[in-house]
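Multiple structures are listed underneath, in structure tokens.
There are two complexes below, and they share subunit A, which is joined by subunit B in the first and by subunit C in the second.
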Partner chain A sequence: MRSTAVAPSPHGIRHRRLLVLLGLLAGLLLAVALSITLGSKPVPLADAWHALTAPSGTEHDIIIRSLRVPRTVLGVLAGLALGVAGALMQGHTRNPLADPGLLGVTQGAAFAMVASIILLGASSVLAYIWFGLAGALVASVAVFALGMTGGRGGPTPVTLALAGTAVSALLYALTSALVLLDEQAMDVFRFWQAGSIAARGSDVVWQVLPFILAGLVLALVNAPALNALSLGEDVARGLGQNIAMTRAVGVAAVTLLSGASVAACGALAFVGLIVPHLVRPLSGTDHRWLLPFSGLVGAVLLLVADVLGRVVAPPGELEVGVVLALIGAPFFIALVRRRKPVRL
Partner chain B sequence: MTTITLRIAALSWRLRPRGVLVTVGGVLLLGLLMALNMRLGDIRLSVPEVIAATFDPSSAAHFVVMELRLPRALTGALVGAALALSGAIIQSIARNPLASPEILGVTNGASVLVVAGVVASGSAYGGASGLLSTLGIPALSLLGGLIGGALVYGLAWRRGLDGYRLVLVGIGVTAVFTNVKFWLLTVGDVNDTGRAMVWISGSLNGRGWEHVQPVALALAVLLPLTLLGTRSLDALRYGDDTVTALGVRTNLSRTLMILAAVLLAAVATASAGPIAFVALAAPQIALRLARSGQPPLLSSAAVGAVLTTGADLIARTAFPLELPVGIVTAVLGAPYLIHLIWRARK
Partner chain C sequence: MRLQAASVKLGYGDRTIVDGLDLGVETGTVTTIIGPNGCGKSTLLRALGRLLKPQGGEVLLDGKRIDRTPTREVAKILGVLPQAPAAPEGLTVADLVARGRHPHQTWYRQWSSDDEAAVADALAMTDLTDLAERPLDELSGGQRQRAWLSMALAQGTDLLLLDEPTTFLDLAHQVEVLELVRHLHQRAGRTIVMVLHDLNLAARYADRLVAMRDGRVIASGAPHEVLTEDLVREVFDLDAKVIEDPVAGTPLVIPIGPHRRRPAPDHLVKGP
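Showing the complex of A and B:
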């Protein structure tokens, strides 16, 4: 940008980014308010405020405090995690179609968790979140290995997307073999696979919180190095970067973020894919801004999708994973149709 | 490599000796596997017993062989051949060894409508309500396959067809189908879910003659037609401009061939559910065995039949519980796809 004659001054860019940041925070606040008040039983904003500040045990208070608040907090956390994870994956693989869901990380976590439920009798989220993380780690490393090696050429977006499809298909087959043997696990698995943030207690929120926070910190630490890396590995090495270290921190962050959100909410595709594309025009390619913006937009997107799923088919609900797929796939297809598959 | 030219009236084909060899070898291996399939199972039969059971209706094993094992084995072989043929056509047109009907939304579209049917009718599949399972499931599957294929094809069309765009649009549409499928599974009763899950993994359990007939019919009609189209398929790999100069109507012949591929995959899915990776792997294996530039259609079909029959033999006999054949093909096929991608990097 700076090489063009009419580029705005660095000061102007920073000013604009701060404004965008404020706008996104306001958007998130609005989404949170919608998520707390809307649903099969709408609660007026005043009652909701009352329930949060001075609960007195009314029906509205119970709905808000035991159902809506944990659900909303989980939505914000998972949205932050998936948005940042998507931006990180796209940055590291330099691939515009990278997404934890499409690239098999989600199915990796799913397989490990189902295996732990059936083979080891794990029953609480805390017991199987570790397995989810381990599965996500193995799948991330596999996808990153397929996505980043190969020297100058590297794999095209098509190849990477297909690699993700292959890894997902393999893990999915193994998972379904396991659940076909065990009806109880099948019952857990089918709800999990649809992807939802409903009916998770606040204990689940507390259990995944440390993992997501750790992942977010690692992601932010990774941002400057990722900027250097996007100039190419040779340039980054010349600038004194430790490439292996940067990659390792990136994989760790993606694993923590997607593994934890997947363990808590199930398969939520497309957040990580869409969000960075929405954010890039606002943030530019600087990952120090791209990552936090992606997190905020991810949280807004997830909450809005969840609220939509609650209100489109009353009194029933559409799982947020389904709504996200219905929003995300047209976006993905438009992205693919717009031009030839590009490299970032 | 030497080729022999076969001429009938105005039409001519080039026969590669290696391709013929692969096809003949595949058919022989298929015969062997099917014979094994006849023998193995809960009741083990010797070869003379199988032969006796086949021709003697009064024999004790007649029912087992003629009503259980033979239709199942035939369904497997025919479905495998149809899927592989479909994959070979799509890979030739997309000019991409990684394309297949499951990526193009055909098999997943079929799954979605079948699951919807199972869930909507309550406790349905598995024989409870006869009409739905004998007529409804295949019809829904066919319809879903056609819709899925049309959707991907229509969305990927933009002033002509680009192989890569086709694959990527297919991945996007497939992702939606997968999510809708799982949402439908959460709506239903857990017992129905179990049955639907077996179906959407691709299974040959309890397949009878009514499952053999539609695939046999589709292959009988479409195999000769696609072989007639081989000439334009061969030309299509040179890129649109060259092909037009060679006098092939690119978009028309491409559309007809894709239609044939979609029909083959949809009919196969109607009979056995979406059996994963056969359509993808079989043409690539046939191509390597026959050492040809493009997936050879007949050899691919033979390899597909062998793969599916072999996988069903494993699924039926190797585990304490009978697994859906699609799980075995996925566990074998996905690493093969990853291997192809790994090689394609270089």
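Showing the complex of A and C:
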């Protein structure tokens, strides 16, 4: 029984949260080290350090600098982005099963990529990703606009979810029809759909970085408003929060974060669903802690899953999306089987 | 009079619930709105608290239109507690009360000594200091409602609107919450407007009653002026006796129905 336990003081809670923050940062550092050194060709830590600080063109230097570092940085960025986007999404909808894909970004990105290959003849990874990013943003804006027409004075979580489902279904149907027409598009789509952070150069990292940074800033600005909103819309209004503005900032942040990572890494939005559930016992319900913790846990989870995928089936690799689904599904079942459902 | 509604028209979409209603809230009193289900009392309260924008007319706070005043400024003067609010799982009493300080915080200044003091005061006044670190889920219904009132108190507003603060509470907890409301009024000098269902509790704990039916104010004034047998019939379509509450001296409504009447005394019953 928790009621018999001695309640920690507010000071103690703050202290504990700082400790958790340090722990998560240490965990991230460890995951980064693993991601840089482990793989089909393991590199000793000393060689990795050499490659990072004073490269001299050895084989290890090339592997580290042109493959492992961009892959790791992209994993950290996408994990941060998806973890934060998931916590934002669940906070805004007050629904523990909400994930960033609810806004239609995943199907928007998929459709735009496939369409750009078939209709415009796009052929480089960089080009696909630009189109994917644009598709994610457009789909999300469409969902937001559709959701707005249903409710009084701004979209509600219900109208947003309905609009998101409808737009996603339509785009999925169109994408499925398009890929049947073109073998190259089918190939790109298959790999993208599995979800991977491999084989993207540092140019892709630079491409998505500004979007993810902007999304993270908006998310942090949104945190206090989300705390008010978690008490219900009426209470939040009573506390002087502008609901329409809060929702708009939240949707913009989710769109930038999940749109950029989905375009670059494929359908990994699942991360956003499970990470906030892992984080809540550590952070409590305060979004000023929940959002940053979710970002860090998302990054660690994505990197660890990616490393697992590299070592589990040598000499081949398992895509990170597949590993995440294998880890995530049992977790999700446990969540559903919990006797008392989570209430946000 | 700091808060008033001037010929407001209220409704949702095409449905109009209140049309052309005027109401002034007397500063420094506890005003209670009563009336049958669907009479528009909660709708009126929501409009007074700018949770619902009037379709016509205006709500004035300190002489200014409430819908044209920045919502954060309003939140420093006027607190609103909706009916049966829900908090996320695991939220502690102290965290909930601290969130009442939201309108006083900015993104660069999250927590000040003013906030600290207001939260400590609010917890003390609602007798929750010892329960401050307990999650809301573990409290009784009455304690939980006290915690929400404590949050509204920490907001530090002169005016407080409460929509059915006693819903879902048993009688003892209803009295507990209303005693607290009275206490807040006396100790902190707040102007309180609330919606209540129970006429007898409304009469006992209010300085002014406002009786509504079909979106109109039928009567308003001191409880003993408003709560008469005629008014209960007019507002609720209910025959009733109104006697003096033996405890508080306020009006006490005894409903009269066709069943369950006191049997006539024996000497009046004619034998066969």
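FYI, the second predicted complex is superposed on the first by the 279 of 344 C-alpha atoms of A that agree within 3 Å, B and C clash if a C-alpha of one lies under 4 Å from a C-alpha of the other, contacts with A are read in each partner's own complex, and residues count from 1 in each chain.
Keep in mind that, in the parts below, contacts are C-beta pairs under 8 Å (C-beta built on N, C-alpha and C of every residue); 3 or more make two chains touch, one makes a residue touch a chain.
It should be emphasised that the depicted structure is a prediction, and the values quoted were computed from it without experimental measurement.
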Check your understanding: Does subunit B (first) or subunit C (second) touch A:G321, or do both, or does neither?
Key -> first
Practice item. Applying the touch criterion given at the start, work out whether A:G195 contacts subunit B, subunit C, both or neither, answering first, second, both or neither. Key: first
Exercise for review: Pick one for A:V336: touches subunit B only (first), subunit C only (second), both, or neither.
Suggested key: first
Practice item. Based on the superposed arrangement, let me know which partner A:G284 touches: subunit B (first), subunit C (second), both, or neither? Key: second
Practice item. Could you let me know whether more residues of subunit A are touched by subunit B or by subunit C? Key: B
Check your understanding: Where does A:A228 make contact in the superposed view: on subunit B (first), on subunit C (second), on both, or on neither?
Key -> second
Exercise for review: Once the structures are superposed on A, label A:A166 by its partner contacts, choosing first (subunit B), second (subunit C), both or neither.
Suggested key: first
Review point. Touch check for A:Q241: first (subunit B), second (subunit C), both, or neither?
Key: second
Review point. Touch check for A:L181: first (subunit B), second (subunit C), both, or neither?
Key: first
Exercise for review: Show which residues of subunit A both subunit B and subunit C reach, each in its own complex.
Suggested key: 153
Exercise for review: Mind listing the subunit C positions that touch subunit A in their complex?
Suggested key: 12-13, 46, 49-51, 53, 71-76, 79-82, 85-91, 94-96, 99-100, 102-103, 105, 107, 110, 132-135, 138, 152, 155
Revision key, fill the gap. In the complex, subunit B touches subunit A at residues 96, 98, 103, 155-156, 158, 162, 164-165, 167-169, 171-176, 178-180, 182-183, 185-186, 190, 193-194, 197-198, 201, 276-277, 321, 323-324, 326-327, 330-331, 333-335, 337-338, 341-342, 344-346
**Study point:** subunit B-facing residues of subunit A, complex
**Key:** 97, 101-102, 146, 149-150, 153-159, 161-163, 165-167, 169-170, 172-174, 176-177, 179-181, 183, 186-187, 190-191, 193-195, 267, 269-270, 318-319, 321-322, 324-326, 328-329, 332-333, 336-337, 340-341
**Study point:** Residues on subunit A engaged by subunit C in the complex (per definition of touch)
**Key:** 2-3, 7-10, 94, 152-153, 221, 224, 227-228, 230-232, 234-235, 237-242, 280, 284-286, 288, 342-344
